[in-house]
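Naming follows writing order (A, B, C, D, E and F), and every chain is counted from residue 1.
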Amino acid sequence: MPRALIISADGFEDVELLYPYYRLVEAGFETLVAAPERGEIRGKMGYKVEARLAFDEVKPEEFDVLVIPGGRAPERVRLHEAALNIVRHFFENNKPVATICHGPQVLISAGVVKGRRLTSFWGVKDDVIAAGGNWVDEPVVVDGNLVSSRYPPDIPFWMREFIRLLE
Amino acid sequence: MPRALIISADGFEDVELLYPYYRLVEAGFETLVAAPERGEIRGKMGYKVEARLAFDEVKPEEFDVLVIPGGRAPERVRLHEAALNIVRHFFENNKPVATICHGPQVLISAGVVKGRRLTSFWGVKDDVIAAGGNWVDEPVVVDGNLVSSRYPPDIPFWMREFIRLLE
Amino acid sequence: MPRALIISADGFEDVELLYPYYRLVEAGFETLVAAPERGEIRGKMGYKVEARLAFDEVKPEEFDVLVIPGGRAPERVRLHEAALNIVRHFFENNKPVATICHGPQVLISAGVVKGRRLTSFWGVKDDVIAAGGNWVDEPVVVDGNLVSSRYPPDIPFWMREFIRLLE
Amino acid sequence: MPRALIISADGFEDVELLYPYYRLVEAGFETLVAAPERGEIRGKMGYKVEARLAFDEVKPEEFDVLVIPGGRAPERVRLHEAALNIVRHFFENNKPVATICHGPQVLISAGVVKGRRLTSFWGVKDDVIAAGGNWVDEPVVVDGNLVSSRYPPDIPFWMREFIRLLE
Amino acid sequence: MPRALIISADGFEDVELLYPYYRLVEAGFETLVAAPERGEIRGKMGYKVEARLAFDEVKPEEFDVLVIPGGRAPERVRLHEAALNIVRHFFENNKPVATICHGPQVLISAGVVKGRRLTSFWGVKDDVIAAGGNWVDEPVVVDGNLVSSRYPPDIPFWMREFIRLLE
Amino acid sequence: MPRALIISADGFEDVELLYPYYRLVEAGFETLVAAPERGEIRGKMGYKVEARLAFDEVKPEEFDVLVIPGGRAPERVRLHEAALNIVRHFFENNKPVATICHGPQVLISAGVVKGRRLTSFWGVKDDVIAAGGNWVDEPVVVDGNLVSSRYPPDIPFWMREFIRLLE
């Protein structure tokens, strides 16, 4: 059974975490959420999700795909070196990564944006560019292992491409 | 392009509407939301969704599949005869219907529960039984055209079966 | 001193619990609230009420009258067999019961609706009918021991009839 | 049919307005709410009540009893000379007045506290005393036409005495 | 290093506490907050502030200036004799006191309003007058050691005068 | 009379806007708030502030100092070229600029961070570095015309240095 990892924290954009979570389960993945600490994390709108792993408990080589939802969570995730190491593992091994909205804030801190073609929420566009990314304004951008989108209305196109990449 | 209809109202359980909405778009459906009146409806958690049609503007023969999300919306939906007629059209023509959580409250009012095998949120189980339904406690129940689930954690199983039915 | 019991749970419609609570105290009743567990329960609007008894601690023969307020609480109350047994005791012994709004959801689960004349919140009208009740759209309906109303604006008429029944 | 007037404003303590409102209707009074302006006023917890009269539209000689609920409303009510004149009319004519919680803030501004025996919420006790009132710490205090209480748990005793005064 | 004390409680008007707190630190004061008990207090809008002292731990002779912010906190502060004794110490020793909005409720309970010229939020104006104060409607009123204002928009004028007094 | 400009938007960190606003008025500045559009903007905690100017109505040469508060507002401000031009005017003319928390997001978009010594909220530290800033972890950093801080507890030190710069 393939395994998916979602890295997030309090303040996630609820549907940006819940949709890929349920979608990957639907597609047959064992899906786990990791956060700064084990336990319940809470979305902007109030949904609660159980983080079964702390970032420093994650063995990234045991996971096949990575998802980084948006909202206010990425500003918290990026402060944890263990989370950044997870991200680097996926990029160094060219394993599939899906990111949306503020998710690229984590990519910037992990140092993996330079030279990549991607999108994000408009509010962090200039940070992506300052970090050397090639930012484009499209509902979904696929650049090798990286599938990125801008905000919730892009979700069906984001996950359609991501699932296609996994097949 | 196949067409999907979601019938709901203010107070919907956010992810029970958003997931099938995005999921059906992902699967290539033109997906529309209908409500008592056209315009924005608001979920329990605060997500807003545009209802492009009022119930009495819907021509059910133009849609291929029907979704009835849960939350507090079904108690409002069931008060509208136009919504009940939409439901009856789908059952009379044996077209696919997905329902979750409190969604079966609408089925009860439409008079289509008798003799059907289905599930729902536990809080309305006794109403389903009183209306002649064969209520079972499983994550997803498929009975002919009807795919039913209990609550948000069942979503991946609910939509996996529903998409399978549509193929 | 006569004794009144109110059965409810988190999510009660605040004034539908507080009014009969204070009203019965005013009328000289020792009035207690029972809930799934002892302790504080919280209304939809935020009022907090102390439940001095858990359902399974209630000895219904020690109480003279029963009140079932509405809101989202009845969906929780009806899941507890101990609460349903309390209701059945009152109906079997023809002791006064007041119910309002979603309160009849508990009556349906207790199996005491069949053949009774009553009202409820419009959103659960079809469930009452499916359960064999004779639903009428009036501010207050008195049918033997049962006094039922529809929603908060009916409260003065509801309690006027209920107090009359107790005298 | 006797007539009751409730004077309040946004921020009323919900149950301190709703209980006497419904209670006086139950007792056969035509009951109206007056506020700084006509229209909806909103309680601390969120209940909404229709004010059918603005203070300056009230003819106090047409009402038999007056109620002044508490919460944050009395600080707003007391700023309106028209409201203070209503209060003075009731005291000058020795007509029944019920007040609870912060309600006596309005009495202070109307200049009718001096020499009276009454109670209030503890937080404004010293203001009542500074205004010449004889403050006592009891669930309900009856002093001629004035029936006063301290906070919501006193409501059944407050209204029992007030209804007794009206008979 | 001069020392400032702020006395408040849950429900403080956030900016009426935060502004003088930061302003006095900016001006070189060691600034402490005291409350009914040690620990976090929470403003109306949600800001949290650490109270490092309970009222009965305060030695008022160790502080040079006193601030009493408004909001709903003063109704709670005035119930504590220890807080009133702190206020009396400052008035008896003619040490600087700044108060705003509902802050004078504490002064009334401490018995120090009589004969003083001051202002307050309009909603408690009549209480100040009943207590013998000379209430004036100006953005800031300086009367000896006492600097008072009405509401948040007065803050810059309030603190300009207070800082001037301290120099 | 010297003139101060604050640029912000909905979602500002309340006290990071209110403190410098009142502080600059206290210091004798005419202080105006500009936002994407004229009218009320609302802070994270709920404070409302009137924006008297839209960004594109601002003539930056008419203002002596600029403040950029934090919170979620800077992500909105940075999307407006007119706001970025205001910022560039202040940097090109070496006029005083105070920024705190997420404020440097606006500086990044304006292209003025490269080679500057500054601080910010930790969550955007890596963006400042990616944009060529020399990020330091201190309560207040003064680099020529630029005074920056990290979060609300730094406010007294931030404004002490900024006011010093203006004298």
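In this section, a contact is a pair of C-beta atoms (placed from the backbone, for glycine too) under 8 Å apart; a residue touches a chain by one contact, two chains touch by 3 or more.
Since the model is a prediction, treat every value here as computed from it, not as a measurement.
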item	value
Which listed pair, C-D, A-F or E-F, duplicates the contacts of D-E in over half of its pairs	A-F
Distance from chain E to chain C - Cα centre to Cα centre, in angstrom	49
Inter-chain centre distance, chain C versus chain F - centres from mean C-alpha coordinates, in Å	57
Centre-to-centre distance between chain B and chain A (centres being mean Cα positions), rounded to whole Å	30
Of all residues in chain B, the ones touching two or more other chains	none
Round-the-ring chain order [start: chain A; next: chain B]	A, B, C, D, E, F
Complex contact set, residues of chain A against chain F	75-76, 78-79, 105, 108-109, 122-124, 126-127, 130-132
Residues of chain A that touch chain B when the two form their complex	14-15, 18-19, 22-23, 25-26, 45-47, 152, 155-157, 159-160
